[in-house]
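A, B, C and D are the chain letters, set down in written order, and residue numbers restart from 1 in every chain.
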Amino acid sequence: MDLYPSEEQRELAAAVRDVLAGAAPPDGATVRGDAWSAAADQGWFALGLAEADGGLGGTLADEAQVFAQIGAAAAAGPFLATNLAARVATTVGDRALAEGLVSGALRAAHAFGPHDGADRVTVFDARGAAVLLLVDEQRSRLRLVRLADRDIVDDLSPMDPAVTVARVSLDRAEVLAEITGAGAGAVLVRASVLVAAVLSGVATAATSMSVEYAKIREQFGRPIGAFQAISHRCAEMAIRSNAAAAVVDLAAVSVDEEHPDARRRVAAARRFTESSALENARVNIQNHGAIGFTWEHGAHRLLKRARFLGLGFQPRDAQTEVLVGAG
Amino acid sequence: MRLQLNTREREFQKRAADWLADNVPTHDRPPSGQAMVDFDRAWQRRQYDGGWAGVSWPSEFGGAGLSLTEQILWYERCAQFDAPEPGVFNIALGHAGPTLIVEGSDEQKHDHLGPILRGEEIWAQGFSEPGAGSDLASLRMRAVRDGDDLVVNGSKIWTTKASVSNWQELLVRTDPDAARHHGLSFLIVALDTPGIEVRPITTMDGDTPFAEVFYDDVRIPLANVVGRLGDGWKVAMTTLGFERGTMTLGMVIRLLKLIDRVRELAATRVDRRGRAMLANDEVAAAIADIESEGVALYALALAFVSEVVRTGKAGPKGSMVRPFYAELSQRVKRLGADLLDREGLAVDGSAAAAEFVPSYLYSFAHTIGTGTSEVQRNVIAQRVLGLPRG
Amino acid sequence: MDLYPSEEQRELAAAVRDVLAGAAPPDGATVRGDAWSAAADQGWFALGLAEADGGLGGTLADEAQVFAQIGAAAAAGPFLATNLAARVATTVGDRALAEGLVSGALRAAHAFGPHDGADRVTVFDARGAAVLLLVDEQRSRLRLVRLADRDIVDDLSPMDPAVTVARVSLDRAEVLAEITGAGAGAVLVRASVLVAAVLSGVATAATSMSVEYAKIREQFGRPIGAFQAISHRCAEMAIRSNAAAAVVDLAAVSVDEEHPDARRRVAAARRFTESSALENARVNIQNHGAIGFTWEHGAHRLLKRARFLGLGFQPRDAQTEVLVGAG
Amino acid sequence: MRLQLNTREREFQKRAADWLADNVPTHDRPPSGQAMVDFDRAWQRRQYDGGWAGVSWPSEFGGAGLSLTEQILWYERCAQFDAPEPGVFNIALGHAGPTLIVEGSDEQKHDHLGPILRGEEIWAQGFSEPGAGSDLASLRMRAVRDGDDLVVNGSKIWTTKASVSNWQELLVRTDPDAARHHGLSFLIVALDTPGIEVRPITTMDGDTPFAEVFYDDVRIPLANVVGRLGDGWKVAMTTLGFERGTMTLGMVIRLLKLIDRVRELAATRVDRRGRAMLANDEVAAAIADIESEGVALYALALAFVSEVVRTGKAGPKGSMVRPFYAELSQRVKRLGADLLDREGLAVDGSAAAAEFVPSYLYSFAHTIGTGTSEVQRNVIAQRVLGLPRG
């Protein structure tokens, strides 16, 4: 019984931070090529795959450490979709496709919803992607189709600057892989945990940003952190982000160990990290005063990441279903 | 207490409604650029020509010379008819003009009030400074006397509409030895004076509503001091008071209309399973909450202006309307954005997204601009409730 | 267009405060007899009835000033039920019964729900009451039946010490008056406004209690009102209680003037005053620290009043229906 | 990271579960009076006889001498099996004993640890004073040395279980000239010493869990000083630290079980229109919220104890578990009471009302007792996050 991160996990997190330090261009949703390669080299897409499948045999808890750092950096780049696409390719036994994704050579875009008959789909991170992960959570189906920039019909303006949004034509989309049922369910559970990890990183980054600012910014002759209006909010942010990090670890280990409560804990982690990230990101902007809602300052990126991620895998009504049905 | 209007009020309201029905522009306001400025200018001029600009402003300077009640009724009718808001004339009509009416010299009034009402002068505010934020008393921008001029150096920040404005209200330190509130003076400055540079600031919604304004040896004639040298704090507070003044009810009614829009959004949309959003009890309860808070805010604003009209003084409710408005408006916009679900992830993906998402993102300014929520709570706690300073 | 209370209304409120100052025994749900008589003499039950019906011809807005003071004092006593019962008796033309209620000679208890076939009903303020107001909001029916202490089957322990709760047998209940449809609807709308008025009084009393305490109680060498954790909460309480008072006045005048938005404004007032009273009462206890949750201190009475009243006329789901259906 | 237990832990857990299955009392704990005290005493004695009292306490004083991990596992199992809580032994087991283990003299340990574990000594806390509240450093109760005794005068307040206790931990000022934290001493006092009077305080739920304790020339032997004279603050902080210690996980698991009860309440009840409460989206969302927060709190507590076990130090998470627990537990109880609707208006009107209403009312103590939420936020802000003092 131990929820303390191992030394390897702490080193992994530090290594991820180093890669990301150079990865996020201040404006634009495309990760820098060298950072993308470094991420692939470090095994972000292979980490959780079995060694027999060409992976690194790490746990979901290990992957969660990586994705928490991605969240803390509010990093742009289709890391999660590419990780999941590699797993789908591996599951259907398409080693070449999996290898392309794992190595970073192929990037994956993603889109949500039932897509039957739809010839126009709203796709995230479509530009530069070679495959598209079509996610249908209600019917538990994951499908990979080939994608190229010429399939893009319209580029839209993203709410969240860390992704691109495009309308894509699926007219002649070639299906590369598809999984359904329990197989897809298992991947979707992992996706929820990793989204929760990213969200916990967002919550943590907001806390650090506020605490640092509260120490140096002065108003009325004192650092603003001396005012309870600010200091108590920082304390609440710290409680939320510490609990968010812990609940992600708990959910990840529960999946790794096939704990009977795993599904419920995953839904709990997904919900708690979402509300923590949203609330911390919002409060962080308020703590910064006017500077906090300028484009130049990073505070708004955390809020927009939280909103984008919150609407992704296992959104609120799906969480409620699992949590209320539990018992 | 009564809500029904008396005969005089009813007649005024009918005239206003008739005029608005014929004159409110039928096309939408352009969201930015010169087209937006031209639109606001034309609407202001149209009101002036119709005799509706400055309802309660003195008639000798082009106003209608009516009472505060009529002024409030006018703003209320404008909101009901979805008439354009003052837009780029917000500071001119809401701050600068009213301040000059109370504190300006005859010459200042003569020079500016008419042009403001005719839509010829756009004004910007210049109070905040980098580093000073909510703490206006700590302003450092210096103005040194040289002959009949003041020479100003420094910079102002969070100046709204600076790039399209002609004039700016400026709070500067003229006596460096006086502590905090003392030693400040209130100036008016033509923004085409040599030495002024405007750098726009992009906000989180991608727009550039604010700017930082740099002053490098800018010469401002002493005649442009409003009130007396060193009285700037008092003059500035007059202006801030007006922000909570007559425009309040109109602003609140526009928020009530936005709440209606959010309810419509919930009534006309379905969730991922095809069920009407309003059939979701949680959504319905959230809509009922904002509806009830909207009515309560309207009641509070009405109680405030009633007190002003009846007693001639702005009572303590004045400092409560603004934070209530700011926080409710933020929540209403957030609920609108939330109801869009994944549709809101592309700002230009649909008409509804374009309506709700940028305004949600910009709404973070509500609880920060014109005094943060924190400062407004301090004001209520100390000045209204008599609690000790922290 | 004027929401400023008239001089008469302010004088009325002051007179009500004087009566209530001696009315609330520190423990026990029964109002003192002399205070009850003084209330009746001051016309609390006749105020809103037409002069032709033996009333004082006041407005609902006038009545709201009275009931706001009753809320501020967290006063025990069946004031609201007796006021409403007098109106029901007047509506059916039973002058003798109405006179008995208006004069204070008869007190009214009340109970909620459809009561058909039920022979055991949970009744509030049954002890000492001569009539029982049976309230069926869903079918818009108000019925007065005769009541005596011998009908009480069980005395229960009330959550709110300002009322008594009893199980009453309706076996042989004699119906004294009944109104239904629009007539009952009109009385129920007035009931909602008066409940909102009582709740607004609770919200205001909580604010005053906290502000006074924050000025005198010292911790860490300063009055606690100097700490933003307390002072900002007091500011929020003040906003809520000022808005609560205003929205009650708005709703009452709207009913008096038959404004087209009256029903919606009443529901809004009912909802806003409920949440304000609950929140202010809760925060008030927290502001007082340990003393705030002792029985001796008045803070808990405000919370319990807010909870009791909140579950009374036009509860939350009924408010939602009106507010969401509006447009 | 792992949740599965290792072999040693698994064996311990199995033994614990087997014993609990056979020994947990099958009848409910009486809510008050001597019957309640007798129940708690019997349960403590039973644990002692079974070898389960003081799992991590030194074996020379009657404890089992095992590690912190086993102690945590024991409390966890107890919660899982709905074993009775320590009840009147809460201070003895959670504060007094652990403080004496760290700071007590050999004689003090010998005199008290065994009796505590055998259920023979009930302890009360005596820190707060009228007027001091959360600000322990401002305590004024005086103890003056006279020969081998300290003579104590003054009063303590919010003392839990004072009327049934034998002993009290007491923080008194022995050096009146020293400022605030300095000059305090920590004593242990037999509550039957002449000059002590206990007056119960009734709380808003009608119960009397607290008392004010008056001291009139009470003589306490110097041998009863824990630590050294003047070190009282340090000793008291040790004790407060234990409140956030090993009992945490058990407490959290009991809250998770209460959350399950609230969910059951929502699943088995219908609203006024006959619809299952859980079919109301707002109720379902509220249940899902508390479920998710409950799991997050459990994770935080587990992360905290893992860190203690792995590093031997109580890290910053320790100060976060308590306020999170206090506020969540308050909300859970409130939701339970809310779900009862009008049924909750009579405390004894139904079994569910009796279960949820008084505990909701008492829950206001959670965010006030053992340091208000405000003080706990100050502690996190200043000691954990390094923010400046206000």
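One rule holds in what follows: a contact is a pair of C-beta atoms (placed from the backbone, for glycine too) under 8 Å apart; a residue touches a chain by one contact, two chains touch by 3 or more.
According to UniProt, the chain labels map to these proteins: A, B, C, D = Acyl-CoA dehydrogenase.
Because the structure is a prediction, the values reported are computed rather than measured.
Asker: Between C-D and A-D, which chain pair is linked by more C-beta pairs in contact?
Answerer: Pair with the higher count of C-beta contacts: A-D.
Asker: Quick check: how many Å separate the C-alpha centres of chain A and chain B?
Answerer: Each chain reduced to its C-alpha mean, chain A and chain B end up 39 Å apart.
Asker: Going by the contact rule already set, what residues in chain C reach two or more other chains?
Answerer: Answer for chain C, listing residues that touch two or more other chains: 227-230, 232.
Asker: Scan chain B for residues touching two or more other chains and write them down.
Answerer: If we look for residues of chain B contacting two or more partner chains, we find 281, 285, 374, 377, 390.
Asker: Which word fits the touch map of the chains here: line, ring, star, complete or other?
Answerer: Topology of touching chains reads as complete, every chain touching all others.
Asker: What residues on chain C touch chain A, complex-wise?
Answerer: These residues of chain C touch chain A: 227-229, 232.
Asker: Hey, which residues of chain C end up touching chain D in the complex?
Answerer: Residues 112-113, 122, 124, 138, 156-160, 163, 165, 218-221, 227-230, 282, 285-286, 289-290, 292-296, 299-300, 303-304, 307-308, 311, 317.
Asker: Spell out the residues on chain A that touch chain D in their complex, using ranges where they run on.
Answerer: Within the complex, chain A touches chain D at residues 1-6, 9, 61, 211, 214-215, 222-223, 225-228, 230-232, 234-236, 238-239, 242-247, 249-250, 252-254, 257, 259, 264-265, 267-269, 271-272, 275, 316, 319-320, 323-324, 326-327.
Asker: What residues of chain B sit close enough to touch chain C in their complex?
Answerer: Result: residues 1-5, 9, 69, 72-73, 260, 263-264, 278, 281, 284-285, 287-289, 291-300, 302-303, 306-307, 309-311, 316-317, 320, 323-324, 374, 376-378, 380-382, 384-390 of chain B touch chain C.
Asker: Contact residues on chain D for chain C in the complex?
Answerer: Counting only chain D, the residues touching chain C are 128, 131, 133-135, 138, 157-158, 201-204, 206, 210, 271-272, 341-342, 344-349, 357, 361-362, 364-365, 367-369, 372-374, 377, 390.
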